[in-house]
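In what comes next, chain A is part of two complexes: it sits with chain B in the first one and with chain C in the second one.
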Partner chain A sequence: MGLLSDPVRRRALARLVLRLNAPLCVLSYVAGIAWFLALVFPPLTQRTYMSENAMGSTMVEEQFAGGDRARAFARDFAAHRKKSGALPVAWLERTMRSVGLEVYTQSFSRKLPFPDETHERYVLGEWGVPGPRKHLGGRGLGWVSPWRVSWGQEAQWEGKSLVGIGGLEKGGASASYHSYTEVPPPYCIQMVSGTNVYGILRAPRAASTESLVLTVPCGSDSTNSQAVGLLLALAAHFRGQIYWAKDIIFLVTEHDLLGTEAWLEAYHDVNVTGMQSSPLQGRAGAIQAAVALELSSDVVTSLDVAVEGLNGQLPNLDLLNLFQTFCQKGGLLCTLQGKLQPQDWTSLDGPLQGLQTLLLMVLRQASGRPHGSHGLFLRYRVEALTLRGINSFRQYKYDLVAVGKALEGMFRKLNHLLERLHQSFFLYLLPALSRFVSIGLYMPAAGFLLLVLGLKALELWMQLHEAEVGLEEPGGAPGPSVPLPPSQGVGLASLVAPLLISQAMGLALYVLPVLGQHVATQHFPVAEAEAVVLTLLAIYAAGLALPHNTHRVVSTQAPDRGWMALKLVALIYLALQLGCIALTNFSLGFLLATTMVPAAALAKPHGPRTLYAALLVLTSPAATLLGSLFLWRELQEAPLSLAEGWQLFLAALAQGVLEHHTYGALLFPLLSLGLYPCWLLFWNVLFWK
Partner chain B sequence: MAAPLALVLVVAVTVRAALFRSSLAEFISERVEVVSPLSSWKRVVEGLSLLDLGVSPYSGAVFHETPLIIYLFHFLIDYAELVFMITDALTAIALYFAIQDFNKVVFKKQKLLLELDQYAPDVAELIRTPMEMRYIPLKVALFYLLNPYTILSCVAKSTCAINNTLIAFFILTTIKAAVHTCENEEQGLLDLFLGVCHDVCGKPSGNRLPLLLPSQLLGFHPRSLWLYCWVSPDFKLSCAVKEGLSVPDLTPNIGLFWYFFAEMFEHFSLFFVCVFQINVFFYTIPLAIKLKEHPIFFMFIQIAIIAIFKSYPTVGDVALYMAFFPVWNHLYRFLRNIFVLTCIIIVCSLLFPVLWHLWIYAGSANSNFFYAITLTFNVGQILLISDYFYAFLRREYYLTHGLYLTAKDGTEAMLVLK
Partner chain C sequence: MAVTYSLSRPAAALVAVLLLSFGSVAARHIEDQAEQFFRSGHTNNWAVLVCTSRFWFNYRHVANTLSVYRSVKRLGIPDSHIVLMLADDMACNPRNPKPATVFSHKNMELNVYGDDVEVDYRSYEVTVENFLRVLTGRIPPSTPRSKRLLSDDRSNILIYMTGHGGNGFLKFQDSEEITNIELADAFEQMWQKRRYNELLFIIDTCQGASMYERFYSPNIMALASSQVGEDSLSHQPDPAIGVHLMDRYTFYVLEFLEEINPASQTNMNDLFQVCPKSLCVSTPGHRTDLFQRDPKNVLITDFFGSVRKVEITTETINLQQGSEIMESSYKEDQMDEELMEPLKYAEQLPVAQIIHQKPKLKDWHPPGGFILGLWALIIMVFFKTYGIKHMKFIF
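What follows is the complex of A and B.
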């Protein structure tokens, strides 16, 4: 408190902040980045360890031997699926019942805000001879998969040649059916409906108060059959065991995550996303943990584990430790973010490889998308992860028995749990599967970056304050004092317009694209999803042009006060948002801070304005997204060309909006309602006249 | 001046009405920052239904409102939203007129002292002018009505809003009495202070009731009479008082109590309840001595202290003392950490819901995270209040000793608070 009340030390501190501001800011920024890079080196990363006592040792004997059975199930499933064109519900019910589960189904339907272009999951009814695909030659919007048909003007198809007819079969093969007579055409294609099938293995000596979930999401394409096969074989095997203390739910969902979301909402009897579904007939108590399985081949070379869930939520680290333990025990090769574990952490190679994995994790977590259907379980406080079988060109392959044994081991261990997984970390970063960085160690990286904003804000405040006090104090003798409130009033009034306008732009960015898609499709030759993305980009760009007009009406007495006050507000606004984001989703906060902070600190209406403007544009939220995509593919060693990158960017925008509406992902509202308006304020500062 | 006030009222009511109609209202009314176990609307409804069933609302552990509130809403339950909007408006109006009168008094006093030549010669720039004082009452009303804290509190139908109205009317009547009867202000102050004590402590923390009752029995003022009908109905008032005193409900809030008592062994709780409760009125006597010339400033500090240290504080309590900030506009140049402290309070207000989410919904954080923010918020408030207090003392010192002080060796002197 001495610092706050002792005038001498205060003055010294103030002088330090004012005089050394630029070096301090640079230092702080560099320290933030350096801290982040240092996270992969051993003193900061630690070995993972199992904290949960109940899962401590690996004294479990896996007896699963149903590899042939799993393959047979998988073949049958694939055949039935091909025949019916959708999830073979009846077959699944029959088979699950035959292995001795209590089987239930749940049907659901969800109206998407606009068609999902990257997943083929809509209805093509019998009337559904598609309208001609409207090509957007030269606009670089070929990202729509070639067989997708635009449904803009169904009425016109009669007179036109049926260009899209070839696509009908492809689309039709993957589509589920919906009674088209009830729903008018424009909505029909946005309606997704499907059925989830789940079987409950009741624990023989427990009261059905706790359960574990093994889930396989089935998409519209014919992947994941082997996962269903393994799930059924495991169910059959588990049925024969006597030691279950928790019920086990075997869940097969249709339409990937949509089905999972529908099932989870119905299971917990809530409705958060506007999903319509039939109520669940059978339940099995509180879900303690869930494992999602994705397997598309009879043999695998490695298992990849995905932890990042919706809005960057992570499962308890113990679940990951558990998986790793059984991988080691079974000699399975396991990867994180598709990267093998570096063995040697003492030389530079290990940490460098760790850095790649870490960056991939940061990018994935920052996206806020659920990477696998486990991501949706996390919202309901169910610890969950996704296991993906990878079949690459490696020599040594594992069959389904090895994967099944690992899963059996994990379930046996989870079966031992006495309370929810809570001992280990919830907030962590992973440079490798067996190394982690805990929240206390990575937070300073974001803290240093935010400190730059704080320092800048403090400097601006002092300059503003000095200007005020400076007007009065040199007078010395009693003279006409400049009344303070009026000058303050002008400063505040000049801020209201830019603030309101930029917030209104953000609101428009959030609301208009989805709301105005039908208007756009009527007037322009675009499909709904394209319309949404193009409107997004248009509004985003329009925001840059708009703020020039905001402050002409305001006359400021002191020319600098206006923009300084605006920048002060913008800096605090940005720091607040980034701080809140970094707390909930460190990766996103850090990524945005890394890009936005330098430009935000530099923005001022003097000096090399074009340079600042270029920097500001390059670090705007959308540009950050584009840059992240390039970085992401670069790290995956599959670099993008510019055109590909652009297409991926457009697809990512559409997915972002869609995921906000279907699962409640927060990235889109955060960017459009929070960071974009804030960024516009800096743009406004830059072009302050 | 009535037109701008009316405009502000219209804007405030519009904002509240819009929020009442929106889907946010439900979300807000569940926030622990906005409603406490003592002021939650849910509990009022519960108490009313108990009353309808012929059960005493005080027989359980749910309802802790005063009898007055339950009678009020017994008749007005269908118009609850309207009642809360009206109480907010009334608070603002009361504060408006109170501060208007207070400013007149201040100005008169300043004129008198100037004529008596009590001020140092070089303090002209510290002298307050009618120009700058003119808009202060309006700003007070504005600060109260458009403060996000007040709006949240009103939309959540927290009975804290009604509490605030009563305090505002106490302030108004006190100042009116002091002005009209031209008595010395201490008489008014005493009455007011009792009112504040009664209102804030009699209900939510109840800890100064013993101090209050004898003085009320003596009857300082006819105005105190109506307090009786509030305190003495046949209901078991002890329930409400006990609740505030012994802090049995440890629902998290923005105060300092819940975490400590959640962590504490039952064995020690009585001792620590005493230690914690002593804070609320520990500062009263020293402050009363130091600020005996400035009752309204004293009252401001006291309301703030109560808002910080009471057992179940909500943001509505914070909003009440924040409404007084414009009154002390002239201290602005002496405030030293206003920027940092404002930032702290804004940051904390935003982090409350974030950390609550992490703790309760995401499950990734724990109660320590939320409590850390609570602690920061309260430290911020305490620093802010002490900053105001120090600024006030400094200004008073400069007024009598001159603005440009020199030390014995001729250098510029510096005031240090010790």
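What follows is the complex of A and C.
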């Protein structure tokens, strides 16, 4: 009631905001961080519970006993794969048909924007012939996929990296397994093509209007054959049951996620990523849920579940609850983010352990990558998760029957579903497999952080406003602002140049690396992927030289007002972006807010500029990515050396760009077109003259 | 000696009693039997069995209803006198691993689906409207005979309902619900339209007792699986079928009914004892204050069976004209004969007296002046604090 229209009160409020601004900002920031840390403690984290009536209990009988069969299938599959060097399509078709499925294949091809070094998805040498690739000092192929390393599997990870380096020598050999019918033109060398095989088990007594998917992604290396074996054995078992009300699709995709993406796009008859693929001959209605399986050993010690999908999308919590209940029923050891779940939530240990898991989840979700082929299903609002069999050094091992039984139980319960999974949460954080934090409880953390930007923006606005009215009211300006020349208002024109220039930088960062890779490879001794990453870094660093450019373009008489206005705009811009990001992908929004907000709030052209500059550089999006990588490996108890971290960073950049082009991951455009220009504005403010 | 009981014309039901004397058994005993014989005034039996739940995971509700259907059919009520409403078809559900069966017991011990189930209202026909229309008889003329409740004032009706409910309502198919008041009004309409002689209402749902607490029509006996505030629980989990097969209350009612045969002398008090809290987990409830007879004189077969009153006896029975039994059984007839002025049907029983047996205490409200005073105080405090000039901020 008149709080803002009453001049007296308004002045009091303004004084409050101006005088208490710094403590309020600090308080709000600390509150945000503290709130986030408090999320792992029991009042905020709750036990998960099944909300879906149709999947209410684990009361189904698992009869799967085809362990031997699964192992035999896996052996055959591995042998055929070794023989043919690619996915043994004919064998798969034959086998699926023999267990009684309707079998179809789908061939697809995809032109990558540049070769995928981490998955060795380049096909022909530089000039259209297979041959070893140019690279800088043996670095190129030594890159290891940064996010895909399984935990507790250092040995395997080392092995993988060795395989990568081994691939260096046998570049020609690894190139040969993709069959080509035509000789590609010199610049179309990043064509990846493959074939997906899928079999549909028709529900005997129901219309084919709904379906479930069990999928196994097969990469170029010879992992996952046990998963294929289990898939086939389960298909044979499921075929013998008559209680299916939904069709079940057994899908084996080539080239990991590329195949999954091609299949999903063809299934839904859309083309969002420029994939070329043959249309699907057989369909089975709307997919209700999907489970992706990754198994590379005959026995497992634990099952790890991955839920984070493309752009941080998550499946409905009920699907995870379902998995967890069957884990408990079968006595399986199940992990989330590779961490066992803490038993004791009353003492400090449990929540601390939960915090590690939570941070890992936040980092993985923030990366926006599909962590397993389930991640691509989520784009089509198909609830999906990935189960990974981990074989570490534990005493007690489970064979394929135990895993198969858990899967059978899950599918039978999913079969009972009558509508899409919708009863439980879609937006949540997981500090443990059986604990969750709902969106209503974690959002305030991001809210407090964004409040800092709001308070700062309010302060700047008041200072600018006060300067205008300052002459009429000489008594009412105790703020920290120095007396300003009264002549002009804040011309929007003075802001146009820095905004445009920084946005142009962002656009260049987005477009140039991929566009200019061929120019770079012709003039420098680098491979395409390296060219992309190096161009990326070069343009990123070039942005730092901006203030010297813009201050010449901008000519205002009042420098103070100028930077204040620019900072005001930048603050609002940042707050809006972070707010939007936090709504769609809380983890990313929170991570960026935690790092960018303090530096953004502090940036000004006075005071200890070098300190501010260092802080700004340290909290720039790229530095955040680097820091996240270190934190991520630290939390997995596999700390990185500086050099390794740098390699991982480069690989992550390449992967980020590649995933944007192949799957439509939004992290790269978001950073290059949104946050990087915004960050440049603060850099601009800092070096305002 | 045979005692036959004419079922044809209730108003003129002069009982033809033939007594043949053979031995020397105490006459008193025989007369007791005769008393039993004339206890109920009904001539025909009807059953309305309703399952209001859809979906596979509600298998147990269908099994509940079918188990009662099985019992009443076994005890003699023909399909033409049963209105069976099933909201979903579990026997043909594609999720059913044993097609064309609905089991009520684990390990496939008892298949309640049987060979000849005649479902009158099925799937989307099971609505509140259709249910009320069946009860009250307000049915479109085109409705087939099998979908009608063609009862009269000599009919004993069994109404069994199961589904998901709450305090004061029962859900129909996830889309609508019937409240206890609507149900009570429907029964009153039935009474006024002379659609029943006596009515037994059984409901197996959460907080089932709330459904019968608003009844006010005479001659209704009601049972429920749980009290207000209690959940009714399921029973018989079957991993092979993948769902719970029955609800606890109906499961034990079925076990009880399996022991009954058309000649059983088991009475309603025994039914009240079925499924004590130790077995049911919930507390089954019953209501008899609207019912005219003593439950211990009411046979189970009065409602669950269609038992023709035929009894062979070797004794001579002398029936006195003015005896208690005759009086109570044929009160209407006597009244018709003695008082020439016709009474309205609804007034024949002291309904009002029954309803007001236990007048409910009104909820206490603070007197009107108290509220007014509170407001005055608030306003006074406000003006004391801010003064009159701040009125403009309010308006």
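Simple rule for what comes next: the second predicted complex is superposed on the first by the 590 of 689 C-alpha atoms of A that agree within 3 Å, B and C clash if a C-alpha of one lies under 4 Å from a C-alpha of the other, contacts with A are read in each partner's own complex, and residues count from 1 in each chain.
The definition used in the following text is that a residue touches a chain if its C-beta (ideal position, glycine included) is under 8 Å from a C-beta of that chain, and two chains touch if they have at least 3 such contacts.
Bear in mind that the values here come from a model prediction, so they are computed numbers and not experimental data.
Judged by the touch definition given at the top, the superposed model places A:10 against chain B, while chain C stays out of reach.
When the two complexes are overlaid on their common chain A, residue A:221 makes contact with neither chain B nor chain C. Applying the stated contact rule after C-alpha superposition, one finds that A:580 touches chain B and leaves chain C untouched. The larger set of touched chain A residues comes from B, when the choice is between chain B and chain C. Judged by the touch definition given at the top, the superposed model places A:572 against chain B, while chain C stays out of reach. Applying the stated contact rule after C-alpha superposition, one finds that A:60 touches chain C and leaves chain B untouched. Every residue of chain B that touches chain A in the complex is listed here, in rising order: 122-125, 129, 131-132, 135, 329, 332-333, 336-337, 339, 343, 346-347, 350-351, 354-355, 357-358, 361-365, 383, 390, 404, 414, 416-417.
Across the complex, chain C meets chain A through its residues 55-57, 92-97, 99, 237-240, 242-244, 393. By the touch rule above, chain A contacts chain C in their complex via residues 1-2, 53-54, 56-57, 59-61, 203-206, 241-245, 412, 415-416, 418.
Listed in rising order, the residues of chain A touching chain B in the complex are 4-8, 10, 313-314, 378, 381, 422, 426-427, 457-458, 461, 465, 469, 472, 475-479, 481, 483-485, 572, 576, 579-580, 583-584.
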